[in-house]
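Consider the two complexes below, in which subunit A is the common component and subunit B and subunit C are the respective partners.
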Partner chain A sequence: MSSDPLVVIVGAGPAGMAAARTLVEGGLRPLVLEKGPTPGGRLWQRPATVDFERRLPGHDPDRAERGVSDFLGIVDRIDWYPGTTVLDATRDRLWALGSDGVIDQTPWDALLVATGALDRVVPLPGWTLAGVYTLGGAQAALKVHGCAVGRRVAFLGTGPLLWLAAAQHLAAGAEVALVADTSHRLGALPALPDLLSDPQRLALGLACFRIVRRAGVPIRLGVRAAIVEGNETVRAISVESRGGRRHFTCDAVAMGFGLVPQTQLLDLLDVPFDLVPTSGLWLPRTDRSGRTPVPRVYAAGDGARVLGGDAARLSGERAALAILEDLGRPTDPERVARLERELARQERFARGLARAFPFPAELEARTDDDTVVCRCEGVTAGAIASAVRTFGRHDVNAVKALTRCGMGRCQGRLCGPAAARIAARAAGVPLGEAGRLRAQPPIEPLPARARCMVTEPNG
Partner chain B sequence: MNGARSRLRTEVAIVGGGLVGCSTALHLARRRVPCVLLEAERCGAHASGVNYGGVRQQGRALAELPLAGRARRIWGRLERLVGGDGEFRATGHLRLARDEAEAAALEGWIREAARYGVHGELLSREALRARFPWLGEGFAAGSFSADDGQANPRLVAPLFARAARSEGATILEGRTVVAIERAPPGFVLRAEPELELEARVLVNAAGAWGTRIARLLGEELPSEPIAPNMLVSEPLPFRIEPNLGMAGPGIYLRQVPDGSVIFGGGRGTVDLERRRCRPSFATSLATIGEACRVVPELARASIIRTWAGIEGRTPDDLPIIGPSPRMAGLFHAFGFSGHGFMLAPAVGAVLAELILDGHSATSLAGLEPARFAPGSAAAA
Partner chain C sequence: MEDLDDPIDGAHGRWVRLARARGESVPFTIDGIPVRGHAGQMLIAAILAVRPDFGCLPPDRRSRAGFCLIGLCQDCWVRLADGRRVRACTTPLEAGMAVRLDPSDESW
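Take a look at the complex of A and B:
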C-alpha cells in the first residue's frame, strides 16, 4: 500500500471531486487539497440560511447536495484537506498552508490541477469605487450570505454569468437597475448551431434573459463604453450603446466579462501557455485527456479551459483516467471515448458562447489614461503606456518592473490581461508580443508567521 | 529579412546587457567611442534587473573599496548620468553583529575601511535599541554607515540601457554569442540569430555566462551560477529607514517608501542552459523566519512575492574585472558574486578608461583576472 503512487488533486470543485472518485474507484487514495472550507467549488457553493435558494434559476440545490454528499461519502478513502492553500510546487513537491497555519511539504507522483476560474474584469473609469463587485462576488453574496451587494445593483459585462447573476438577483427579490452587455443580439445568431449542442444550457440562458426582460429591467446590448460614477461609493453607472449614452442610478455594480482560469500553479510547474486570440487570454496547453506537456501534471475543469460545470465534472473524470492510464492501471476505453465525446460537445457549446459573447477587446484597449488598471498598486493606463514609450519595452513583465502594475496582493490576477493589452496598444504591436505576467510563488499571500513543519535544509 | 548573416564592425564589442555591460556601453558612448552590445535576452533580464537593490560600501572586501568609493560618487549623481530616477536614496546601511566575535569583526572593518575614507559608526547593544526600536533582540552590536543606501534595480537597469542607447551605443537584444575568434588585432564574434561582429576590443560582461564566454577564447576564469533568493512583503506602516545586513552570513532587508519590505537570503535554483532560475520555497521559509527575528513586526505581514536572479560567483567571492592576462584587447567584468549592483556604475567608467587610456586612477588590485591565470604570481 505504501508503494502506491501519490496523486494530489488541487481543488475540490466539480472537476476535483469527480477526479477523486474516479481515482478511488481505480484503487488509489488521492490527496485532495481545497482552499475553501467545504467541497463543491464555486458552482455548488451552498447557502447556509437562505430560504429563496429553490427559486434561483440555474441553481439546483438537490444536485449540489448530491454532488457534495457523494464526495463526502468517499472522504474516508481519500486524504482530504479542506482549508488548505497551495503556495508553490516543483516537479517533485508541493507546498501548502493548512487551516491550522502550518505549512506542509508534500511529495507527489501525479498532480491534477483543478483550481477553477475567476471573473474577468476590464478596468473602466470608476471600477475601483466601493460598491463595484465581480459577478462571481455578487453571486456568492446572494447564494452564501443571502444578501445583495446593494439596494439597486447594475450588471455590466458579457457572457452567460451576467444574465444568470441578474436573473438570480431578481428571483431572490433584489432590485436590478440595469443589465448592460457588450455583446450584440445579432452576434448570437451565428452561434446558434453550436449553442444547440446543449439545449438545456441554451434554455437556461434564454430563461434568464426572459426573467430580466419580464421584470422590466432596462437592458442595453452592444455597450461600447461604461463609466461607474460616484464619490468613494457607487452612485450611478453610465453606459454608451447605439441608443446613446445614459445614466442609471444604482449603488452597486456587478461586473464580469467571462472567466479567467486560475493557472498560477500550472505556470509554476512550467506548463507552456498559448494565446487565444479571440479572448486575449493565455491558456495552459492541455489536451482533451487533461494531460499537459509536463510529465505527471494534469489539468481539469475551468482552471484549464472555461467550459462550465458539466464539462468540469467530465474533464475531472477524464483526467483521472489519464492518470490511471499513465500509472499503468486498467481503464475502460469505452468510458474514455464516451467522456471525450461529451467533452467535445461541451467544447462546441463553449465555442458558441465565445461567439455569442465575445470579449470586448475594444473596451479594454480604449481605457483612458486616468483609469486605474492595477488596483493594488494604483497604476493607471497612462502610466503603463508612458513606460512602454519611454523604455521601448512592451513585454508585460517589463511593464510590471517599470510601473509596479501587478506587484500587489493579487499578483496581477485582475490586471494582467488588461495591462498586456494596453502595453501592446501603446507599442503598436500584436497582443501576443506583450506576453503574459509570469506567476511567482507564493500563489497566495503567505503569512510571515506561518509555521513550517519541514526541518530539512534549504532545497 | 533575407537569410544572409549581417556583419557589423565596431570599436568595442560588449557581451552581456546586464548593468555592467550597459554601464560600459554608456561610458564608452559618452566618450564617442563606437560600441556594440550583444545581449542574449533583454537588458537587465537577470540579476541586474531583479537584485536586492543594496547600495553599500560597508562590509565589502577591502579590494573592492576603491571601486565602491567611485561608484558611490556616481550614485550620488545617477539621475544626471542616466536621465531618470533610479530611486537611489542614501538611507544609511546598518550591519548587525550577533555575538562578540562578529562585533569585533565590525570594529576591525571600520578601522581598515577608514584608510579608504569609508566611515562606519560602531553602535553598542543599547545604542542599537535606542536608535532602531523596531529591531529584534539579540544583537551584540551594530555598525552604521550613513553614506550607504538603496535603489530600485528594476528601474536602474533599464535606465542604463536607455542612456547608453541615447548616447549612441548600439544595443542588440536577443543575440546570443556562440563563437568568438581572435582576428588580430581584434575579434570576430558570431551571434545567433544571424550576426557577425568585428571589433578591436572585446568586453566580457556576461554575468553568470562570463566563464563560458571566456572559454570561447580559451581563457579559464572560474565562476559558478547562483540565484540569490528574495522576497517582498505587503506594505507595512512601520518605517525601517536604513538598509540592513548581517556581519556574518544571513539575511539582508530594506523597506521601500510604499511600505513593502524587500529582503533576501540563501539561494534559489538555476538552470544555466535554459537561462532560467526559480526561488526556492524552502529557502524562502528559512529567510522569513530569520527576517522575523531581525524585525519582529514583519511577522504581522504577508509575503506576496518571491524571486531570484541569475548571477555568477567566483571562488573568492570577488568580481573578475580588468584586462585578460593573455590576450590584448580582451577585458573581463563578471562574477560579481551577489554584490555587483552597487559597483556597476563605476565598473563601466573604469573599463572605459582602461580601454581608451590604458590606465585608470581607480585601483582594481585584487580583482583582476590575472589572479586566476595558471602560473601567474597572483594565482599562487
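Take a look at the complex of A and C:
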C-alpha cells in the first residue's frame, strides 16, 4: 500500500459513486462506506425482487443498473464497505458499525459526505396512524418491493415527488384516491423561466400531472388543511381547499413536502449552517465545488443541497475534483468548468421548483395542540408550545431537553424543522431564533452488544 | 390487480402487490404462525403482505406499519426469536426467520 492520502466517502448513491470513480481516475483509492447492502442510493436502489410489466414514468431501471454496475466495476480499486452505518465523526476519525455488528474506526484525510435526503413532513392530525407513509417511502415500496402501500392511496404534500409518486403508482396499476397539493397552480407561472432551464425534467413533471388528470383522480390544489382519519389505521383523508372541505376514503396516505438533507455528519464536524428563509431549513454551508468552510470536509448530492439525481452525480464528480485539486493533484479545468455550468443550471431549476412548490409554512405553524409532532416520543405541538411559555426558552435544543421532542430513535430527523417552527411561533420570535436540532452521536441506533464486540472480542 | 396469482400475499395484508416478485418463496413465522415470503425482499414487505400492521408495539404502543421505508425514521423495528431487533425496512427476509410482534411478550 502507498502512503496516499485516505479519502473517505460516506454514501454510495449517485453522488458518492460518481465521486469514487473520479477519485480512482485521479489515482487514489477511496474508502466508501454505505449503509445499504448495495450501492445506488435511493434513486438507483435495485429492485432486486420485482418485475414491472409496464414502465413507470421517471423510472429507468436500465440506467440504474448501468450506474450500479459501473460502480461495481471499480470496487477492486476502492475499499468498499456496504452495510456500514457511520455513527460519529471527528476531525480525523470516523466510527462506523459494520455489517458484522462490530464498531470500527477509520482515519481520514479528506471526507466526502453524500448521505442523501429524507422527505420533509408536516405534522397533521392522524399522521402517526398505521398506513401513513412518506412519499419516498411509498415510492420505495413500489420501486423496490413492487407493492402499493394500500389498496387506495391518497397523496398529500407538495413538490415534484408528489406528482411523480402518484403518476408512478397509477402507471403500476395502483388505485389513487386523491392528489392534494398545498401549492397553487398559478404559483408555477412565475417559476416557468427557471423551470425551462431543464426542459426534460419540466416535461416529466408535466407528464406526471397529465397522467394523474387523465386517470380521473381527484386533484386538490392550494390545500390549506388536512386531517388523516381513522382509529389506529387510516380510513380516510379530509382536505380543505378553496372548494371547501372534503373527505376521501383511502387506506393509505403518502405525504411529503420536499426533502431534507441528512446533514448529521457535517454538523458533528462543525460545518456552519445557514437558515434558508423560503424553506425554513438550515442547510450546511457549501459552495458549488462541494467544499465546506471546514478544511478537508466536502459535501455532495441531496445530502448537501436538494438538487435531484442528475445534480447529485455532477456534484459528486465536482467534489471529487475539488479533493484532488486540494491535494495538489492535476485536474482538468475544462471539466471543472463544465460541471459547474451544469450544476448552475440544476440550481436554477431547483429555484424554479422552490417557487412553484413553496413549503407550506402556515400549515406547519398552525399545527393543532393535540397533534403529535415527534412520533418517536409522542410529543404534541401543545406540549412544545406549553414548554416554551412555561420556561421562557424557545431554542429547539432546549425544547428537546424539556419535552423529549427530537430525542427519540430518529433523533429529530422528522420532527426537527416543525418543532423549531412551533417553538418560534409560541415564543413570538422569528423562526431563525429557534435554531436547529444539533446532531448527537451516535447518529443512528446501534445494538447494545455492538460495543462489547469491540472491547471484549472473545466475550 | 389483487394478487397477480401470487399465492403468498394474503387478503389480510396491508400492501398490495403490483409487480411480480422474482425471489424464491421461503417460509418464515410471525408469532409462531407459519407464513411465506420472497427471499431477498425486505422484511417489512414480507410482513405487510400478510398482516395489516405490526400491532401496537412498545415503546409507545401505537399501531405501526413503517413510515419512511428508507431506514431513517426507525418506526419499523421488530424482534426476532433469536433476540435480535432489526429494522424491518432494511433487513432482507431469510428463510426460517421467526418474527415476534406479540406485545404481551415481556421480553421487550
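Quick note on the criterion: the second predicted complex is superposed on the first by the 446 of 459 C-alpha atoms of A that agree within 3 Å, B and C clash if a C-alpha of one lies under 4 Å from a C-alpha of the other, contacts with A are read in each partner's own complex, and residues count from 1 in each chain.
Note that a contact is a pair of C-beta atoms (placed from the backbone, for glycine too) under 8 Å apart; a residue touches a chain by one contact, two chains touch by 3 or more.
Please read these numbers as outputs of a predicted model, since none were measured by experiment.
Asker: In the superposed arrangement, does A:W95 touch subunit B (first), subunit C (second), both or neither?
Answerer: Only subunit B is touched by A:W95; subunit C is not.
Asker: According to the stated criteria, A:Q200 is in contact with first (subunit B), second (subunit C), both, or neither; which is it?
Answerer: neither
Asker: Just subunit B (first), just subunit C (second), both, or neither: which does A:M407 touch?
Answerer: The answer is first: A:M407 touches subunit B but not subunit C.
Asker: Compare subunit B and subunit C by how many residues of subunit A each one touches, and report the one with more.
Answerer: Looking at subunit B versus subunit C, the one contacting more residues of subunit A is C.
Asker: Give one of first, second, both or neither to describe whether A:A130 is in contact with subunit B, with subunit C, with both, or with none.
Answerer: second
Asker: Please indicate which partner A:P445 is in contact with in the superposed arrangement: first for subunit B, second for subunit C, both, or neither.
Answerer: Both subunit B and subunit C are touched by A:P445.
Asker: Can you list the residues of subunit A that meet both subunit B and subunit C?
Answerer: 408-409, 445, 447
Asker: Quick one: which bits of subunit C touch subunit A in the complex? Just the residue numbers, please.
Answerer: 1, 14-23, 38-42, 45, 48-49, 52-54, 56, 60, 62-75, 77, 84-85, 89-90, 92
Asker: Applying the document's contact rule, which stretches of subunit B touch subunit A when the two form their complex?
Answerer: Going by the criterion above, the answer is residues 42, 49-50, 154-155, 158, 162, 232-234, 266-267, 269, 278-286, 288-289, 291-292, 298-307.
Asker: Could you please specify the touching residues of subunit A with respect to subunit B in the complex?
Answerer: 87-88, 90, 95, 103, 105, 390-393, 395, 398, 401-402, 407-409, 411, 440-442, 445-449, 452, 454, 456-459
Asker: State the interface residues of subunit A toward subunit C in the complex, per the touch definition above.
Answerer: 35-37, 42, 48-53, 118-119, 128-134, 136-138, 140-142, 144-151, 172-175, 232-233, 251-252, 262, 375-378, 408-410, 413-414, 445, 447
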